[in-house]
Each structure stands twice: as structure tokens, then as C-alpha cells.
Amino acid sequence: MMTRFLTGATRRAVLGALAALPLVASALPASADTDEIYVQIWGTTWQSALQDIAERFEDATGIAVVPVTQASSSEGLVRLQSAGEDPEIDVWFTTSSLAARATQNDDLFLDLPESVTELAPDLVAGAIAPRYAAAYFYPMSVIYRTDMVDAPITTWKDLWDARFANSLAVPDVTTYAGRSLLISAIANGGSIDDIDPGFEGLKALSPNVVMFYSSDATARQALAQGEVSTLVATPAQAKRMRDQGIEVEVATPAPTPMLFDVMTLVDTPRADAAAKFIAYVLSPESQKLISERLNQFPVRKDTPVAEALQSIKPDPENTISFDEAKVNANIGEWNERFQREVAQ
Amino acid sequence: MISRILWRTYLAAFFVFLLGPVAFIALYSLNDAVYFQLPPPGLSLRWYGEFFDSRIFTRALKNTLLLSTTVTVICLLFAVPTAHLVVRGHFRGRELLNNLILSPLIMPGVVTGIAFLSAFGVLDIRDGFFRLTVAMTIFCLPFAVRAISASYHGLNRQAEEAARNLGATRLQTWCKVLLPQLRPGLMAGGVFIFVETVDNFSINVFLADRASKTLPIAAYEHIRDFDDPTVAAMATLLSIVTIALVALMDRLVGLDRFIGQK
Amino acid sequence: MSDGVHLQDIGKDYDTVTAVDQVALDLPKGTLLTLLGPSGCGKTTVLRMIAGFVDPSRGKIVLDGTDVTRVPPEKRGTAMVFQNYALFPHMTVFDNVAFGLRLRRQKRAAIANKVKAALDLVHLADFAKRYPAELSGGQQQRAALARCLVIEPRVLLLDEPFGALDRHLRESMQTELRKLQQQLAITTVLVTHDQQEALALSDYVAVMNRGRVEQFGPPREVYDRPRSRFVADFMGVSNVLAGRVRVHGEGRIFEATGYGAFRLSENGTEGEGDALLALRPDALRLDPEGLPGVVHFSALTGAHYVCEVRLDAGGELTLNLPRSDPRSAPGSRINVSADPAEAVILPA
Amino acid sequence: MRISQLLLGFPAALILSVLFGAYAVFFAVGLLTAVPNTADVAGPVTLDNYARFLFEPSYLAILWRTLWLSTLLAVLTAVLGYPVAYFIARTPSSFLRRFMLGALVVTMLAGSVSRAYSWLVILGNRGLINSFLLWTGLTDKTVPLVYNELGVSIALVHFLLPFFVLTVFGAIKNLPTSLEESARNLGAGRARVMAKIVIPLTFPAIAGGLAIVFSLAMSAFVFPLVLGGGRVRLLSNFIYDQVFVAFDRPFAAAVSLIFLVVALTALMLLTLLQNHTRRLAAGGFGGKGA
């Protein structure tokens, strides 16, 4: 009995099925070839707004945009760097912070052509750099569930309050370019050059923190499940929560760090088409979509800000920006120190 | 009597613990909301729809099937002579060879993944599918060699002598007497390689390129980015395939007979 | 060289150990030779050398006039029944038996006929479609035999073929095998450690010890006239006494230390000096003139009692007494003498 | 014979040379330095990367933490799994045995990414466990089961159990029941038979199972990443960070080598133990070979 386990018919069926697998596989949709550009981007960002923009772009130019998703922009960068001669990515979405660092690589990145840089006067300050153009910007905000937090949050210091014991989700140092650490430094009397109070502050905050997150999705999920009541995050997250029927409020305490998510132009044979796409993202209609669908602030000065963002638009006097070069120089060390002193 | 009750309770608890997450993920995949709620607001198959509508997932599915099939075939072809050598070889260092072959089993996946990433970088090998195939073949070989060796050990060597004695050459003996008896090992090894390749994350995450992402990588990127249970639907589909494969293996070889064979 | 099996001084060394040494045997065609000996005596190695699984370190193996010493196993034309039968577990009985014929590329119809005939011969015709795991031990053994017979081998080799069978089955299988072997006149070499089996089946017996053949001859001769203490022990002689041969009157006697004197027959003994006397239990009988002693233990074995006797002189002997004889009871005083015709003198 | 062995050895030689070639390149990288903003590495050859890890107490702390947690979880897995393996091996019901083995195999083959995801929801404040605890009134506050070491450990034990049980099951199955019966017959109770007969004789398999689950726990990556809430960082995650956050592949390579040496040393100790106990166990079956 033991050995009569395959009758001829069964055997043929199994072998046939095995042989058919590659056929089935190749029958599934494959990517097309010509007039395509590849955009490496976060999946949610693509899904919320860029997908529509890309479709309009294709209608206008005939150039198809294929998304390549990245779990985080640093993972995206490593993939880009490892790909060698032809990275097969034409536009890479990343944070301005990482872009400032990565685009120093002349082999991988191109200067933006004039067709993009000439848009600078229409855009907010700092939106255009030689090698990247911001797609939108956002304040670091506090998002909280109204059913779990009774009193509104107005200052960063509120987060240290004992009423938030075991109820915060805060980005770790590698996420949002160390902004949680920098906020903590400033709220506790330090600065980017005097970072110790930042670590002291995070240590003091630690009992309130359920998770130091590195993925927006994890943080949103924790908020949705009631693991935490409050997120330190971008307004885009609030939009996604509300879309799922979860009541949240957004606060932008001062000083509010402002961040850009930017587009970089990768050195590929398709750079011309890629530059066209970057310019298209900066067009008024695209910016309007980003503001409404993604709930991030448009970089075009003339684009109206979406309804939901009106109330949280920080007063320019209350915003703060950081020297990305300093951030980049220190972030590795900050992360190790954070892991050592705060996280564990 | 009390100890008997305690013992049964323990066993039951053990299997609830074991199967809980698998069962739960199936429940989650049918949950008609982005976030899990108890009781579920309704049942739907929408996340399965999302899975098959997603270009990323269907492409990953295609990649995964192609990769698993390729790796399974290559791995078994490599494993059979290797197992023969490991079990039957007459040379010094046979035991060492066995240990070296099995060594990827104890290497942390992340280390193996980065090692291959570095090596392929030096050799300027960029093709993701090729990189995944090489890495997974090497990583899976121990499973195959182990399974086939186990079958080898269970063989009655006199049956081979009987074949020689009755007029079969070495090659004929191997094909007509040995290979058919290795089938359980080949089946089990094959199933294991297939599933391991479908499932591997920590090595493939470093080696996949844009075009060759497999399901676990797509799943990981999805859960880092999205909050919906599309991945639960994917996991449930994979579990169903796994259960079917295990059931097939049980029917063909007999699970209890195969596992733990010396 | 004539037909049959001829082993010319073959030997086998493993590293420094000599497993088989200087074995020379000539077996006429159509006869059955038993290699008999304790485990580890080299008998299986000899069998495997004939089959070609072990390369001899020395000597030549000639089968039916052909030197096959360096011929691979599949070209020797031998067929072996293995100790555990070694049936192919993934094939039916029919396929197992057909295996050798298929390798010889015989026609389908011819194969079917021959397999059927072979299965008929071993009474397995109804089991052709079964798998080995579905057969009893005796059936497996017969299937293995059929598998060998069907290819009409030059030599049939049997490695402890009855070892795994229970006693009743073993005896009937032995008879069946011997009948088949004689009917087909097939040259056969059988390995066993069971002297009963060797005696019952063989035309020739070779008793092996430590890689050497201690004695070779027809079973009766080996049984009646063991030529060494080892052979005597192995053939079931339980009384081996030390002492010396002396001329006494017209004949000779054996003076056994601690026993007394035993009369010897005229043929087979010459000279005087230290020697051993081998007496199987059947050779001893009650005799008022014999050596006195007391039965101190007895056990019924069927037809008779095996009794242990402690002689007044100190030595002990084992003898058989009829079931009906009351003197077999422990405590009985008896007198024992040996039949001179059955007393065997061995070198000291 | 020789030539055929060489031919048969070709696939193994190919595989091993690629594998160890890859490791050699990787470890050579550990002696170099990353070129900023690229994936390139450059000389001069230096041991700095090794020194940087070995002389930094907080890095070493990650190594110890990983070792300690792996040891703890391996032992816990063995304690939880062994009785189940025994039951499966000895139950008279073929259905039960096959069901349990099937459940173990299916669990073993269920993906780690999706399982981590599943635990995230099960263990959460509003997950199944906490809902149950609150409902029964066993606690009046939710118990933090996830985003901490406990959550990672629960998921890891779940991940490791099938590997251990399936490894040990074979050894118990192959142990003749007559040994246990004779011990019972000689007056030993159930527990005593377990302690004096079954466990000692299957110890080589237990050591083997421990080795497997230990090395799997040592290389845990996905579970700490997804379930740790940024608070549980094991060595694999540290290495990952060096590649993806610090973009320092040479340092990652150096740490990997150190990691590997430590893991191999630990496993070697287990193998020694296994060989030692195997001799003991083999002694128990003396004379069976004849």
C-alpha cells in the first residue's frame, strides 16, 4: 500500500499541473513596453492621488506611468542604489531630507531641467532644489480620536501629560527624518545643535508611548484598533482615518515642523518623459487633487487649500524648518542613541 | 482522572493556539471593513477582489509561481545526486559535506540575503529573477537533501543488490529500483521547497528587483503602507493551497509515515 | 574446467582484517552446497563474492567454466534470495518476478508465460497483483525464489532464506525448496547457521570458522566424522573429553581425564598420544559394565530425555534416554558406556 | 566509482562554491568602508567595523539580548512542544495523529508576514485575547500584549513550535514502545518512565530540535519588525537598519560575521551535547544490531 501512492492517472495529473504552472503564470498580466516611465512611490500616496494624476498625464501625453511601490523611501533608495546601470526607476518619491542626501550621487541622479526649475516662482519657498522638486508639504501634526481624548491638544507639551499614559504612537527617529526627536528637543529647551534635551524628553515621554512606529499603516491601524488614542503624524493620515469612519481631530502645535515629499529625477534614458511628469505633478490641477485627495498641502501658491486643511494650516510664523544637512549627518547616530536610550 | 483532564485541556489549548492565527486571518479576510471589528460588520469577498484587481499582487503572484516552480525543479535535480553522495558516498569528508550543505539552515535569513546582495553586486548580476532563483535554490537545497536522504536511509539496500543480481546495471538499478522508492522524499522535499519559496521574505526582500517582487514582499510593502486586509485574503488563499498540498501529501505518502522517518 | 561452482583459494581482506581466507570449494553442477557456520565466520562474504557484490582480494571464481572473478554482478548469471527477500516494494509480485526478464529484453508474451510458470511453481499464481507488503513472510520468500528461478540462473544463491520464518513454516519451505532444486537440477549455494537445515538440504556441507573452511564433504560424513573440535561442537556433539589414546590389549582405548576409559573401534584410529574424544549423546548408552554415575538433571525433548550425568570419577556427560526409561529421573544411579563405532577421535 | 562520485558531487560543489563565494565577498565587504550616497564600498582594508561593534556596549547588548531571548524561547518551545510530540507519536488514533501533524505542517508553512499581521490584531487592545479577558472579567484593563517583547515572544513561540514538535516526533515514534512497557512493568510510574526512559533516549532529537529553533529564533526578523512597535530590536533588525537606515553595508557585513560566529558557537555546543547524548542513547539499544 505504502508504495502504491501514485497511480498513473494521478501522476500524470500532478505532473501536468506542475508543467502548466509557468503557463498560467505567464498568462497573468505583464507590463507593457514603450512610452512608459516608472515611478517609485509609497503605495498609499499613489492610490490616493498620484494614480489619478498619472492617468490624466497619460491622456495628455501618451506616456504611461507605472508605479513601483516602496515600503519606505530608504528601502526604495537601497533598491535604487543596488540596481546599477539601469535602475529602471525614473522618478523617485522621497522625503526632502533623504533626497538632500541621496541626490549627491551624480551617477544616479540628474539636475532638474529648466522646464521644472522655471516653475519655482509659483511655488512655496524651498520647494525646488537643483535635484528635487517638492510634490506637496505637510506639517508634523497631532491626530487624536475624539472618542478617546476629552480635552483638545494644543501644545506639544500636552503629550507629556499623564493623561496620555500608554496612548501615543510616535514616529521613530528614522521616520519623518528625526522630527519627533527634534520636536522633543525644542519642546524641552534644546535645538538641533543641542539634542540632549530631545533624548531626555523622549525618555520622559516613553511611558506614554505605546509604539515608536516606522510605518504609517501600523500607526493608523493602532489608532483604528484603539491601541493608541493619539498619533504624531501627517494630516494625510487623518484623512484616511476619517474615510474609514473614525472620528479624529488634527492639531498643529507650534513650532510646527514642515516637511516636503519630493520627486527626484533618476538618470535613465527616459529622463525627458520623467521630467514632464514632474512638471505635470506641479500643475494647478494636479496640486488641487493632491490637496483634496491626499490632504497634503499644495506647493503651488495659487492652489486653493482643501477644506479639511483650512483649520490646521499653521501660521507661517509658527513653522520651523531644519537644516537637512545636519539632520543627515546625525541621523544614524541619533537612531542608535534612540534605540539605546529610549526604545528598549 | 484530573491529570487526564488537564492533559486534554493542554492539548486542546495547544492546537487552538497553533491554528488560531491561521483561522483568524481567514475571518479577517472576510471582514467587510478596513479595520477588524468584533463582531464583523458584515462578510464579504471584497478583499479577495482587491487582491486579484491589484496589478502589484497579480504580478507578484505570477512571479511567485514562476520562481517556486523553477526553484523546486532545479533544487530537486541538484538534491538527488547530492543526497546520494551524502548517504552512499565513500570518501573522506562526507560528514563535512553533509554539514556544509545543511549550513544555510542555521544562517540567519537576513545575513544570507545581504551576503547574496553583496556578492551579486560585485558580480554585477542585476536580474532579480536570476538572483532570487540562485539564492532560493541554495537556501532550499538543505530541505530537499534532508527529505531525500531520509528516504534513502529507509531503503532496503538488498533490493538494489537483488536488481544487480538479476541483471540490472548500476544505472538501470538506480532508475528502476532506487528512484521510484525515493518518491516520498521527492514529493515531501518538493512541497517543502515550493512552499518555502512562496513564503520566503528575509532573503528575497534584498534580492528582488522591480520586476520580480514575490508575494511576501508585496504583502510586507502592503502592510507597511495600507491598513486593509488584502494581505489577509492573500494569506488565506495561500493557506488553502498549503492545506490542499498537505492533504495531497497525506493521501499519497501518509503524513505520519513520512514525518519522522529515519 | 567443468560445470558448477569452483572457488579457487579465494580470500577477502578488509583493511587489516581477513574476513575470508583461502577458501577452495568445487561444487558439481546441479548440487546443493551449504555454507554452515556461526555469524561472522565469512560464509555470507563467500556468497556475496560469488554474486559479485564483494571483490575477492585473492583467488578466482569460476562458474560453469567461465572465470567471473572480475565480472560485474549483473553479468554473472547468478540469482540470489536475500535474507529479508529484498523484494522491490514499489512493484507487484508479477513485476518483481518479471524484472530480470524485462532487463533481458524478452518479448512480453514470453515474459508473461515464464512469470506465470514460475509463480505456479512456488504456488503464488493467485498473488501476482499483490504488493510485497501485502504478502506473508512465507509468500514473500517464495516470490523472491520465483524471481530468481525465472531467469534460469547458472547458480542460485540463498542467504539464510529461512531465518525469518517460524519453525513450522521453515520446515515445510525447506522441503519445498529441496524438491524444487532437485527437480530443476539447479546448482545452489545456501548460507545458514542452522546445522539441522544444512543436514536436511545439502549435497555438500562446508563448515566455516573464522574465514576458513574447517571441513567440506557430504552432510553425513561431516556429521559422523567431524575433523575438528569446532566442527564437532557445531554439529551438535555435546561431549568432548580430553585425554590420551593408548593401546590396550588387541585394540585401543581412550583414557579420559576425570572420566575413565572408553573402548575405540579399529578403523579410524592409529597410534597413541594426547587427543580429544567426541561423543554425541546418541553414542552413549546404558551398560552395566560402563562408568558409574548419577543423573542430576533431565529434560524432555520429545522422543527422549536429555540427561546430564555426573560420573563418580568427577566428569559430566550428556546422553539421551528413551522417554519410557525410569532411570531418566534425577537421582537415578546409572552406568554409561560409549558405542566404539560412534566415538570420534579429534586432534588435541 | 571515483569518477561517478565526482560527477554526482558536481551540483553540491556548484552550490557550495556559490554559497561560500557569496559569504566570502560579503565578509570582505566588512573590511571596507561605504562610499557615502552610493551602494559602493572602498578601501582601505580595516578592522574598524568589527571594532566598532565589539567595543560598543549598547551594540553588544543587542547581541546578548538576542542570544538570551533565543535561548529562553527555544527552551520554552521545547517544554511546551515535547508533550505534544509524545502524544502524537503514541496516540492510537491514526486520525488524530494525522490531523495534528497536518495542523503542525500547515502552521509551519503559513507565511510569517501574514502571521505577524494576524497576531497584531489578535493581541491588540481590542483584539480577541483582550476582548475575552475583559468579557470574562479576569482583568478590568486591557493587558498590553503587543508592541512589546511579550507580543514578539508569543508570535515567535508559535512560529517555532511546529519545527520542534516535528523534529522530536520522529525520534519518539522510532523509540520502541517495549522500552516504556518494560519500565512500567518493572514498577515505574508514567512520570518516571518519561524522565528516566523516554526523555533520555530522545535527547539527541531534543538537542537537534533545540538547535533548529534556537537558530530560527536568532534570525527572527519579521516578528520584531511588525510586532515590536519599534521597541524590540533583535540583531537581524539591527543589521537591517544598518543597510536601510544608515546605508552602511560594510558595517552590516561585519556585524553579520560576528553574529554568525556567535550563532555557530552556540550551535556547536548544542551539537556536542547532541553527540554526547546520542552515544548514551545508542548504548541503550546495545546488541540490537546483530
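Per-chain residue numbering starts at 1, and chain names A, B, C and D are given in the order in which the chains are listed.
In this section, a residue touches a chain if its C-beta (ideal position, glycine included) is under 8 Å from a C-beta of that chain, and two chains touch if they have at least 3 such contacts.
Composition by chain, UniProt nomenclature: A = Extracellular solute-binding protein; B, D = ABC transporter permease; C = ABC transporter ATP-binding protein.
Not measured: the values here are computed from a predicted model.
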| said: On a CA-centroid basis, which chain has its centre farthest from chain D's? | reply: C
| Chain ID, smallest distance between chain and overall C-alpha centroids | B
| said: Which two chains have the greatest number of C-beta pairs in contact? | reply: B-D
| When the C-alpha atoms of chain B and chain C are each averaged to a single point, how far apart are the two points in Å? | 55
| field | Inter-centroid spacing, chain D versus chain A (mean Cα positions, whole Å) | value | 34
| remark: Here the gap between chain B and chain D, centre to centre from mean Cα coordinates and rounded to Å, is 16
| request: Compute the distance, rounded to whole Å, between the mean C-alpha positions of chain A and chain C. | output: 88
| task | Note the residues in chain D that touch 2 or more other chains, in rising order. | result | 39, 121, 126-127, 226, 243
| For chain B, residues contacting two or more additional chains | 36, 121, 180-181, 183, 220, 223, 254
| For chain C, what residues touch not just one other chain but two or more? | 89-90
| If you look only at chain D, which of its residues touch chain A in the complex? | 36-39, 58, 61, 65, 120-121, 124-127, 144, 146-147, 226, 229-231, 233, 241, 243-248
| Where on chain B does chain C make contact in their complex? | 156, 158-159, 161-169, 172, 176-177, 180-181, 183
| message | Can you tell me which positions in chain D touch chain B when the two form their complex? | response | 1, 4-5, 7-12, 14-16, 18-19, 21-23, 25-26, 29, 39, 80, 83-84, 87, 89, 94, 97-98, 100-107, 109-115, 117-119, 121-122, 126-128, 131, 158, 161-162, 166, 169-174, 211-212, 215, 218-219, 221-222, 226, 235-236, 239-240, 243, 249, 252-253, 256, 259-260, 263-264, 267
| task | Enumerate the contact residues on chain C facing chain B in the complex. | result | 51-53, 72-76, 78-80, 82-84, 86-90, 99-100, 103-104, 144, 147-148, 151, 157
| task | Quick one: which bits of chain A touch chain D in the complex? Just the residue numbers, please. | result | 72, 74-75, 77-78, 81-82, 101-102, 104-105, 107-108, 166, 172, 174, 210-214, 218, 221-222, 225-227, 331-332, 335-336, 339-340, 343-344
